[in-house]
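Read the structure below first, then the notes.
Going by the order they are written in, the chains are A, B, C, D and E; count residues from 1 in each one.
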Amino acid sequence: MSAIDTGLAGIPSAPRQTIWQLRRKRFLRNKPAVIALAILVTLTALCVLAYPYSLLMGLDPNETNLLMRFRPPTATHWLGTDSLGRDVLLRLMYGGQVSIAVGVLGTLLTALIGILIGVWAGFLGGKVDAFLMRLTDVVIALPMTPVLIVLGAVDLSKLGLSQALASSPGVVFLRIVVIIALVDWTTIARITRAATIEVRQREYVKAATVSGARHLYNVLVHVLPNITTPITVAATLSVGRIILFESTLSFLGFGIVPPTPSWGNMLTNAQELIISAPALAVYPGLLIFLTVISVNFVGDGIRIAFDPRSEK
Amino acid sequence: QADDEQLVLGARQFLTNFHPLVQVNNTKRNLINFSLRPLTAFYLDGNNVCVLCEELPTVENGGAKIVENADGSKGMEVTFKFKEGLSWGDGTPVTSDDVVFTWEMANDPNIGFSNYNPWTRASDVEVIDERTFVIHLPEVMQSYNSWDQVIPAHLERPIYEANKDLESYTRQTLYNREPDNPGLWNGSYVLSDYAVGQRVGFGVNPHWPGKTPDIERIVVSYRDNSSALLQAVLADEIETIVVSPGGISFEQMLELRKQHPDRFQFFVRDGTNLERIAVNLDNPALADLKVRQALMHGIDRQAITDALFEGLQAAAHTFESPVSPYYNPDVRKYEFDPEKAKQLLAEADWTPGPDGICVNDNGDRLSFEFVTTAGNTTREQLALVIQSQLKDICVETQNKFVGLQEYNGEYARKRGFSGMILSSIQFSPSTSPRIALGSDAIPTEENAWVGNNFSGYASEHMDEAVAGFEQSLEETEKAKYSGQVQEIFAEDLPMLPLYFYAAAYVAIPQVGNFNSTPFDVNAIWAEEWTLN
Amino acid sequence: MSVATPALEVVGAGHVAQPDRPRLLRVSSLSVSFPGAEGRESEVVSELSYEIAQGETLGVVGESGCGKTMTSLAIMGLLPSGAKVSGSIEFDGKDLTAFSPRQWRNHRGREVAMVFQEPMTAMNPVMKVGQQIAEVLVKHERLSKRAAFGRAVELLASVHIPSPERRAQDYPHQLSGGMRQRAMIAMALACRPKLLVADEPTTALDVTVQAQILDLMLELQDTYGTAIQFISHNLAVVSEVAHQLMVMYSGRIVEYAPAEDLFANPLHPYTQGLIRTLPDIAQPMAELYTIPGSVGGKRPSGCRFSNRCPLADARCREAEPALREVTLSHHVACFKVN
Amino acid sequence: MNALVEVDNLNLHFPIDDGFFKEKLTLRALTDVSFSVEEDETLAIVGESGSGKTTLGYTISGLLTPTSGRIKFGAALGGHSQKRPVQLVFQDPFSALDPRMMVGDIVAEPLRLQGVSRAERLQQADDVLEQVGLPAESARRYPHEFSGGQRQRIAIARALIAKPKLIVADEPLSALDVSIQSQILNLLNKIKRDRTISYLFISHDLGVVHHLADRVIVLYLGRIMEIASRQDLFATPSHPYTQALLESVPRIGRGRRKPGQALKGEIPTPLSPPPGCVFHTRCPRAQEVCRRQIPELLPAPGRPEQLSACHFKD
Amino acid sequence: MLRYTFFRLVQAAFVLLVMTFLLFMLIGMMPGDPVENMLEGNPALTPELARQMRELYGVGVPLPVRYWHWLTAAFQGDFGFSSLYFRPVLEILGPALLQTLKLMVATIVLSIPLSLLLGAIAALRPGGWMDTAISFFAFASISLPNFWLSLILIIVFAVQFGWLPASGTPLADNPSLGLQIYHSILPVTVLTMFFVGPLLRYVRASMIETMSSDYIRTARAKGLSETTVIVKHALRNALIPMVTVLALGFGMLFSGALVVETIFGILGMGKMIFDAIRYVDFNLALIGLLLATIVTLVSNLLADLAYAWLDPRITLK
C-alpha cells in the first residue's frame, strides 16, 4: 500500500446497525408510543375483522329489528343494540373501517398534494415558491370547517356527475376524502418545502448537479429520500386530524351518510339520546379519542426516533 | 327553578324575517302569533273561532251571504266586526282601514304576501265603520270565514307607498327594520326585544282588550340542535319546548318521559300532520296500483309507531287525521299482511328472484330509490325500518339520505326522485286537499315548481271531489265531500300514508292551561297560559 | 491609539512568564463522565490536574472531542445536567466543588468569566448588546440599570469598538463577527474577573480579525492582570498567547509545560506529531507527517494514544502512563520519555 | 502549459430582493475577475470570509451563472464526452454525502449520471475508493459509519471517478482535525502525482496554501488583489493586503505575540463596496488616489509574473 | 414597515378578490335555492310568487353574471341582504363577529398563560413524569372531538350538577358582564381545551430548544439566577415564534368556534356561516367566509408585524 495512512481505525469490521434498526430501537424505548401503537394495531385488527365477526355471530350491521332496540349487552350482542336493534359492536367495527379508511386515504391524498406542492416550491424557489407559498397562506387563512362544509355541500350533479352516482356511498366517501385533502394539504406542503429547501442546498445535491444531474434526478434521488422523516411524522399526525375532521363533518351533517356507519355519524346519531343511552355516544367518541390520541403518540414517537439530532 | 314572570320556550330555527305575511312558514307562524293575531283561528276542538272579531260570521248566522256577482256567478259577502277596544301596541285602534290596507297590499303582485289564508281570495273590502267591514268573495268557498292577520296601516302604509316592490318593501318594512316597535303588534303580547338568531322576547301588550296574560314575559330561545335543546331543558334553561322537527324529536321526548316522568308535563295529542311516502307515478312499477297496495300491506305501520313512538302517533289510513272533523273512518284500510302483499305482487307479475328481490318477466328488479332528509334521525330510522320490512315482501329500497336543500329542491319539489320519497304534509281544516291531490298541484317547470303533489297524481274523480269540498259551506257537506276524497285516496293510493305526527309539547309542571291544539298555532291563546 | 478606560485601574503585569506568581486555580484529579447507553459511563475528562497562576495564560490544545470544553465548563460549574464530576477545583483558596448553586452564581461572572467560540449564538439575539453587558454589572456590582448601561458603553470602548454608545444600542446580529467577539470579551471582563476562560475565541474568525482579537486579549491581560485559560485546537494560535501549555488527548493531559519549553522540546509523541503535521510557511516539504488513525472510536486499553503512536509497545497497551514532571515544570504522560 | 480554464472579466452579482417597491439591491460577490487555470497546476484562492471564494468556485463549476464575463474551457477538455470537466469537493464532509445512499452509490453517482451500467460503475467505485485509501467494502456502508476524514476521502473519490481535469476544492480541510488535515493534504498531493489534474484550491489557511499551491490568487471583496506564483507571493508579497494577511497568520516558534501589528477594521459589506480601491478603508498605505481610482491588476515592479492591484505596490 | 404593511394589505385585498370569486362559484354549486326553504309547506304559495322570489334571489341567472352584479354592488358598499335574516349582511355579521371574537379572545387569554406555564414546566425536565403527564394532557386536547367534549361537559356540569348554564348566551336583553362570563364558561373551556394542546406542545419544544442554546449558557456564565435566565433570556426567545403559531391557530379556533357555537347556541360567525350554508343564504355565507378569512389574514399580518417588533433580527421589507 502507498505511504499514505488510510486512517481506517474507525471502521469496524462488522457492519453496524442500519439507520432503521437504530430508529426502531429508539422507538421501542418510547413506552407511550409503543403502547399507542399496540392500541392502534389492535383497533385496526378489530375493525378489519368486522366481516368474519358478522358471519360468526350471524349479524348484519344494517338489518334493523324493532323488537331489539336498546338491548343491554348479551351473548350475541356484546355491546348491546342501538336504537334500531342493530349490533353496536359490529357497527363500531364497520364504522372504524370507514373512519380509519377516511383517515388513511385522506392522509395519502393530503400527502400527495402537499409533497408535490412543497417539493415544487422548495426546490425551484423564486417566483414559483413565492406563488405557491402565498397560495398556501391563503388556504391556511381559510376558516377550515366552514369551507369544508361549503365543499361538502357542493352539488356534484352540478359538476356533471349523474344524480345517482353523486349520492352513491362510494362517491360520498371519496368526496369526503377529497375535500379534506383539498384543505388539509398545507401542513405537509409547508413541512415538505422547508425540508426540501434544506436538502436542496446540501452539498451532495450540488455535487450531483455539477456531474450533470437534472432537477428531476435531484428531487427523486436526493430530496425525496431525505425528507421522509418530517413527512412521515406530519402524515402520521394528519391521520388523526382527518379522523377528527370526518367526525366533525358528520356531526354537522356533511359527513359519511347513514346507513354506512362511521364513528362520526354513529356518535351524531347517538347524541340525541345521549341521556338515556349514553353508551351509544360514549363508544364511538371514545374510539375516536383513543385512535387519534394513539396516532398522535405514535407520530411523536416516530419524530423522536427519527430526530437527526439523535442520529449520529 | 322557573322564574315567576318569565317563560322560556325552546326552538330550533330562527325567523327569516319578521313580516307576518311575507314568506310565511310554520316557524314564523308559531312565533308571530304571540303578538299578532289572526282574525280567526281553529280552537282546540277544531272549530273555527273569532280571535280579533266579535262574532264569527257564518251562513247560518247571516254574517256571510251568498250573492250574485255582476257576471251572474255566485260570490259571497262576509261581515266582520273587530272587538271593542282592539288596539295596536302603541295605542292606535285596529280599524277597518287596516284591513283595507292589508288587502290592498296582498293584491299587489309585486309585494308577494304568502299567508296561509290569503287575503287575495277577497275581491273587495268594504268599510262599514271604524270596526266593521265586509269582505267580498268572487266565488263560494268553504274557507270564507278563515282570515289571517292584518297589519297596521298607520305604520306600514307610508313605507308601502314608498317601496312598491318586494325587494325594497321587505327591506324597508318596520317588521324587519324595527320588529320591536309595539305599534306593529296587536296580540296579548308585543314583540319587545330580540337578538338575531338567539332569542325573541315578548312582553305584555297593555292595550290588549282580552284577558291580561298571566305570564309577564315569554322568551323564545334558539338552540341549533336537538341535543343542545334537550340539555337546555334538563338544565332548566328552557321551560317549554315543542316536539317536532322544529324542537326535540319525538323519541327524545319519550326518553325524557322515561327518565323524568315527574319533572315535566308531557302534552301529547293526535295531530294532523301526515308522514307519508310520495311515490313517483311516472315509475311504471309504482304506477301499478297493485304494487302500491302491496307496499301498503308490507309496511307494518302499527309496529313502527309502537316501537318508535310507543304507539303515541296514530298509524294513518288516509290523509285526514282521526281528530279531524272530516275524518272518514270507513275508508279501505291496508292492514299489515305480507302474504297478501306478495300475492298482490304476484298478480302484478312480480315474483321473487334469486336474491330474494322480485323480478318481472322483463327481468326488471322491484327496486326503488327511497329518499329521506339526512340529519333527521327519526326519518332516517323510519327509512331503515321500512327498508327491512319491504325486503320481506321482496321489494328492495335503496336508501338515499340527502341534505335538506337537495331534498326540498331537487328531490321533492322538482320531483327528482325516481321511486319513493318520505315527506310530511299538513291539512288544516281550512286547507283544501287540492294542495297535494289536485292534478293542478303537480309541481312543474310551468308552475314554477309549486304544489305538493309530488307523486304526480292526476284523477278527474279526485279533482271533482276536491272542488266539491272547496265549495261547501256547511260542515256536513264538507264532511261528505272530504269523506269522498278520502275514499278515492284510499282506493287510488296516490301516496302511502304512514302515521300522523302527534302534536306534543314538554313543559315544566308550573305551566298551566297550556292548550296545545293540533289545528292551529297555540300561541294564539298564549294569554291563557299560567305559571305558578 | 489611546484606550479609553477611565473607570478601570491598571494592575499591570508583564507578558513574560513568571512561574513564581501566586497560584489562582488549582485543578486536581478532575474527571467528568456522562451516563452512556445501556448503563455504561463514558468518561470524557480523566484525572486532570493543572494550575493557573494569577495573570498567567494557560493554553489548552487538543483535537475535537478531547474534553477541552468540558474542562472549562467544569471550572465554571456549567456542566450539562447528567454530567458527573469528581476531583477538586480550588480557586483562590476556595473549594469550588463544595459550592452551593447560590455560591456558584456569585462566583460566575465576578471571579471567573467565559468567552465562547461562536459569538453569534453565544449572545441573546433579542437583547441589546449594552444590556447584555450591563446585566452582569447589575447582578454583581449592584449598579442601577442606567449606571450599568453607562459602564457597558465604557467597556465597549475599552475593547476598541468604534462609536460604543451607538453599538450598545445594537442587537448582536447588527455587529460583525469580530465586533461580537469583542463585545463578548467586554461582557466577560465587566467585573474584572481573576480568571477568563476563553473557549476557542478566535476559531470562527478570519485571520486578520483573529490577530486583532489576540492583540486585544493580550492588551487586556496587561491592563487588568487577568489570568486566562485559552483553549484552541490551533497550536500556532496558542503559541502566540500562552505562558503555559497543556496538550490534551482523549480526555487526558499528555503534556503540560511552559510554552517556550514545549515548542522547543516537545516530548510526547502526540505533541511531536501535532507540530510536525503542520505545513510550515518557513519550511516547505513534499510530504507532511501524519499521525495514523483518527480520534474517536473505541478507546484502546492502556495509553489512550497507543493505537496511533509509532512508539507504542506492549506496555503502552496495558497500563496508562501517569503525568509526571520530566524536567523542571515540563510534565508528560508517556512511558517512552525519560 | 496550456490554459485549462480561462476566466475573463467575470462579474457575479446577487440581486437582493427587497420587496416590491424598493429598488433592487445587488450584492457584488465577484467583480472583474480574470485569470486562468493551467493544465496540471494547483491554483489556490485565498481571502477572508465573504470575499467570494466559494462563489468563484461555484461559477467555474457551473453551479452559478455569471452576470457577465466568460469562462472558457480549454482545448484539453474538448475531447471529453462528459458534461462538465469539473468536479467539486466541499468543506463540510457531513453534508457533502447523501446520508440515505450507500457509499458505493455516492461515489459512482457521476457515472450513473453518464449512464454507465450499475455493475460497471460499482466496479469503478471500488477502484477509486482504494485509490483514496479506503477498503473496497466501504462501498456497502452508509456515510454515518465513517469519520470526518474518511468522509472527505469518499467525497474526493466521488470527484475522481469521472476523471475530471479540474477539481474545485472548497476549503476541504477546514472542518477536519489537524492530525487528519495532513492525511488529506497528502492524499491530494498523491492524486496530483498519479494523474494529470488541476486543482482550484480554496482556502484561508496560508500554511496549507503554501504547502500545496503552484500559484495563488488573493481575493478581497470580490476582487483580485494579487496573483502570483507561490514563491513570489510568500517571499515578496506585493499588495499591502497580502502582506497583512501573511503577517496575521499565527506561527509556532515566534513566542508570544507583540500586539499592535494587526490589520485594523473589518471587511466592508459587498452590498456597497468602498469606491476606488476596495481595500483602502483598512490599508495602512491608503492615499487620496486610492479612494477615487480603482487600481488595475498590473505586474509588480521587477516581477512580470506577479500581478497586483495597488497604486502603491511593492 | 409601513410600506411592508401597505404591501401586505394590497396583497390581502387581491387574495380576497380571488376568494370572492372562488367562494361565489362554490356556494353557487350548492344544491337547492333559498326560495324552497322559505316556502316549504306553505299551501298558499302561488306560481307567480315563486317566480318572483326566485328572481329576487337571482336563481336562474348564470353564476358569473350574478357574481358580476354582486361585485359591482359590493364595490359600492352594498354587500347584499341576508335571505335568512332579512337584514343587510354586515348588520348581522357585525355582532356575530363580535361574539366570536369575544369567545376567541377569552380562549386565547386563557390559553397563553396556561400553555406557557405547562409548557415551561414540561420543558424543565423533558422525560420526567410531569412532562409525561403534561404531554398526555396536550395530546388529549388535540384528540378530543370538541362536539363530544361539549356534550359531555353539558351533561356533567349543566345537567348533573346544575352548576353552569348549558347555553352560551344569557337570555336577558342587556346581560351584565358577570352573566355573560358565567354563560361563557363552558364554551370557553371547550375551546381552550381544543386550543391549548398544540400551543402547549409548541411552547415545550421551543423551550427545550432554547434552554439548550449557547446564549443560555452565556447567561448562566454571567452568574444570573435560574429565574432570570428563564424569564429574561429563555422565555422571550422561545415565545417570539409563538406569535406565528397563535396567528395560525386563529383560523383553527374559528373552526372550533363553529362547533361550540352550534352546541351552545351562540350566534357567532361560525354558526352564522353554518346556518347560511344550510339555508342557502348566499350573501351571508359569502361575506361570512370572507370576514372570517379577513380576520385570519389580518391576524397573520399582525403576527408578522409583532414578530418583527419582538425579534430585532427580522426586518420587514
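We take it that contacts are C-beta pairs under 8 Å (C-beta built on N, C-alpha and C of every residue); 3 or more make two chains touch, one makes a residue touch a chain.
It should be emphasised that the depicted structure is a prediction, and the values quoted were computed from it without experimental measurement.
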Pair with more cross-chain C-beta pairs in contact, given A-B and B-E: B-E
As a test of understanding: of all chains, whose mean C-alpha position lies farthest from that of chain C? B
CA centre of chain B versus CA centre of chain E: separation in Å? 39
Distance from the CA centroid of chain C to that of chain D, rounded to the nearest Å? 32
Where the CA atoms of chain A average out and where those of chain D average out, how many Å apart are those spots? 48
Per the centroid of Cα atoms for each chain, what is the distance between chain C and chain E, given in Å? 54
At which residue positions does chain D touch at least two other chains? 147, 149-150, 180, 183, 186
Multi-chain contacts in chain A, i.e. residues touching at least two other chains, fall at 3-5, 7-8, 10, 153, 155, 157, 253, 271, 274-275
Multi-partner residues of chain C (each touching 2 or more other chains): 287, 290, 294, 296-297
Once bound in the complex, which stretches of chain A touch chain E? 32, 134, 137-138, 140-147, 149-151, 153-155, 157-159, 240, 244, 247-248, 251-253, 267, 271, 274-275, 278, 281, 285, 288-289, 292-293, 295-297, 300
Which bits of chain D are touching chain C when the two form their complex? 48-49, 147-150, 177-183, 185-186, 189, 204, 206-208, 210-212, 234, 244-257, 259-264, 266-267
Give every residue of chain B touching chain A within the complex, in rising order. 225-227, 230, 234, 249, 251-252, 255-256, 258-259, 303-304, 307-308, 369, 374-375, 377, 380-381, 384-385, 387-388, 399-403, 405-406, 410, 416
Chain D-facing residues of chain A, complex: 1-8, 10-12, 15-16, 18-19, 202-204, 206-213, 217, 221-222, 225-226, 311-312
Chain B residues within the chain E interface of the complex: 8, 14-19, 23-26, 109-110, 112, 114-118, 166-167, 170-171, 176, 193, 195-199, 201, 219, 221-225, 227-228, 231-232, 234-237, 403-406, 408-410, 413, 425-426, 431, 435, 446-450, 452
